[in-house]
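The data blocks that follow each hold one structure.
Both complexes shown next keep chain A, but they swap its partner, so chain B is in the first and chain C is in the second.
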Partner chain A sequence: MSAIRALLYREFALAYRQRSELLQPLIFFVMVISLFPLAVGPAPQTLQMIGPGVIWVAAILSSLMGLERMFRDDYHDGSLEQLLISSRSLSLLSLTKVLAHWLSSIVPLIVLSPLLALFLHLSVEMYWALLATLLLGTPVISLVGAIAVGLTVGLSRGGVLLALLLVPVFIPLLIFATSAVNAAAMQLPYTGHLAIIAAMLLLALALAPFAIAYALRVSLS
Partner chain B sequence: MVVLSAHNLSLVKGERLLFEQINFSVNAGNLLYITGPNGAGKTSLLRTLCGFSQGEHGEVRFLQQNIQDCAPLFQQKLVYFGHKAGLNAQLSALENLVFWCRLHAVAAQETDIYAVLADLNLLGLEDIAVSKLSAGQQRRVALARLWLKQQANLWILDEPFTALDKQGIALLNTKMLAFLNAGGAIVTTSHQALSPQQKYQELHLEYRW
Partner chain C sequence: MWKWLHPYAKTERCYALCQRLLPWFSVLGLVSLVIGCVWGLAFAPSDYQQGDSYRIIFIHVPSAILSKAMYSGMAAAAFIGLVWQVKTAFMAMIAMAPIGAMVTFVSLITGAAWGKPMWGTWWEWDARLTSQLILLFLFLGVIALYKSFNDVQQAGKAAGVMALVGIINLPIIHYSVEWWNTLHQGATILKMGKPSMPPDMLQPLLFCIVSWMLVCAAIFLLALQNEILRRDIRRPWVIHLVKGKNIGTAQLGSTSRGQI
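Then we have the complex of A and B:
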């Protein structure tokens, strides 16, 4: 337990010290979304129609920007080697790192989302649905993304490769998330969509830690 | 007592066979000194001994058990000091070491870490980000682990003397001698001659094409 707590403390201390790096994806997220009302015109119907998709695509892209941070520095300065031979469960440590990453770089994005919903004229029902899909769906991005980061961390310039590997994987998530918000827009129930996203999250939560640990071992060997 | 032994160890990296059929055993209180030219595979051998990569053939045993089978025990007793210091550049020496101690189940408190840093001539620098320290000072911070992890009985050190000044080298040599006398085992590579009073077995790796 003390190792988990120490790791969380370290990750948050680092996040605070690298806050400018954390801020960049966030600003990117806000800027991409604010471009849409300018580009497609401020008509509420159009914006409402594309809004959920825009927010989700922007969320996926901007979270891809910050993903690499998760293991990059640790790989290059050798901390990852020390993590590997620490006699602690590497899966558990990886899960802790993912949690710290989600809290420090994705949660701010969710906190900003009401502002963006306003930009895109989302109705209140749509916003609640969007918030629910973001809360359930973004941890999946962090968990699955960490596997790909673990695999590509040893490559120089793995950044673009990371995006190419991950974007197709997130398509199902994107489909269910946006259709949940669209259902909410038509006053239809969307618990089914949420249940499927929650199922994805549980599956990722159960399997990803082992896959991340394995990927890190492969990268270090 | 044999602490670490290699049995018919071979390692292929990319297309190249780095070494094959390596056999050795390191007893408690002994030092194995791995020599060889650049690129001969010294670091790769050490990483294989730590369990980062698995050899093509053969196995590494810790206290007569395969290191993969007794990984938690092996890791509790091991300190690995690699090319990369394993220090986060944005955290201070103290933060780095406190984290490392918690992670590796080392019971040292902050006061113990202060004391070790003082022994290593790093007093007054413990709260500065590691990136602001000189290369030699950074190595000293990383070496503090050897002082802190008292339950260890095996050190695997990759070029431990790099970037250290004379006084640092003397400090480390003294520490290594004390560790060996206390029954520890060391596997190390170095391009520098070890101190004359150290007895050691040597393993020479040839550069192979």
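Then we have the complex of A and C:
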């Protein structure tokens, strides 16, 4: 337990000291969303219709930009190898890293979401549904994304490849999340959608740590 | 139980097996492909509603079935490679990926060509079309990941992990787009009880499906042989093989030419 606590502490200290790098995907997120009213016109009805989709697409894209940070620096300065040779289970350690990453770079994005909901004229019901889908869905992005980051960490230019690998995998998440918000817009129950996203989260939580650990071992072999 | 499989982890044994199977698959596949296409395109009765344009089914359906089968095969090979550390399984995996991408692409193109007269549009964001498109993306992702490594062992393992992530996701993708939007006609061959297709259309279709399977298996065997030769290019048995055939490079595929 102490190793995990130490790792968490280290991750947060690093994140705090690299604030500007954490902010970049966040600013990108806001910028992408502010492009849409300019591109499709500022009519509140249109914005409300495309709003949930736009927020989710922007969240996926900006988290893709931030994902690389999870293992890249550790790979270059050798601390990833230290994790690998430590006596603790690598899957548990990588799960800790994913948790730290989610808390430090995705939670700010969720905190920012009321502002964006305001930008895109989402109703209050829609916003609550959006918040629920973001809270349940973004950990899936971090968990599954970490597998691909682990695989591409040794490559010199992994950025575009990462997007290429991950975007198709996130499509079901996008579909269920946006349809939950759309159901909320029509005052329909959306607990079913949330249950499916939660199921995806549980599946990812159960399987991803092992895949991440294996991916890191392959990359460092 | 799996002991008979072990010798084929050696590349030369695997190569020899491919060599032995290849004539069967290629000859049977090509003959049955010609028969199936002529039967389906010229002799099968035309549909009362869709007229003659339904005939693209004889290409569209086999390619769509093969695309899923190829992905499953690729993921199975990846699993075998990752779990039992069989080197040739990764070679089989990466030999299947481009073939799978190709049949997926064919099914998308023929689907678009069929959609134009039937639905009045080249592309519709229908569930099956979308999931087929995502399948193509998954194939391309696996190939791209494999190609970006310099070390083939690492590349095989990495692409294998990604293929397995994809196969877990495939049913989720399938059902998510299914609930999202559906326009495509439902299953017609594998329905419980009687297939909703007259036998004189169904027979050539099944024939076409089998012939596509045989042809794809033949292409796969060739691709696997090429992959084995590409990796073992400096090993004695390959040099011996090439020299023994009096530099029969034409049979070894263009990739091995000039590197020996």
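Just so it is clear, the second predicted complex is superposed on the first by the 221 of 221 C-alpha atoms of A that agree within 3 Å, B and C clash if a C-alpha of one lies under 4 Å from a C-alpha of the other, contacts with A are read in each partner's own complex, and residues count from 1 in each chain.
Keep in mind that, in the parts below, a contact is a pair of C-beta atoms (placed from the backbone, for glycine too) under 8 Å apart; a residue touches a chain by one contact, two chains touch by 3 or more.
None of these values were measured; they are calculated from a predicted model.
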On the A-aligned overlay, A:161 touches which partner chain: chain B = first, chain C = second, or both, or neither? second
Answer with first, second, both or neither: which of chain B and chain C does A:86 touch in the superposed model? first
Applying the document's definition of touch, where does A:221 land relative to chain B and chain C: first, second, both, or neither? both
Using the superposition on chain A described above, determine whether A:5 touches chain B (first), chain C (second), both, or neither. first
Please work out whether A:175 is in contact with chain B alone, chain C alone, both, or neither, and reply first, second, both or neither. second
Tell me which partner A:191 touches in the superposition: chain B (first), chain C (second), both or neither. neither
By the touch definition above, which chain A residues appear in both interfaces, chain B in one complex and chain C in the other? 221
In the complex, go through chain C and note every residue touching chain A. 82, 134, 137-138, 140-141, 144-145, 148-149, 153-154, 157-158, 161-162, 164-166, 168-169, 172-173, 176-177, 179-180
Parts of chain B lying in touch with chain A, wherever the complex brings them together: 47, 50-54, 71-73, 75-76, 78, 80, 82-91, 95, 98-100, 102-105
Complex contacts: residues of chain A adjacent to chain C: 144, 147-148, 151-152, 154-155, 158, 161, 164-165, 167-169, 171-172, 175-176, 179, 200, 203, 207, 211, 214-215, 218-219, 221
Can you name the residues of chain A that touch chain B in the complex? 2-3, 5-7, 9-10, 13-14, 17-18, 73-74, 76-79, 81-88, 217, 220-221
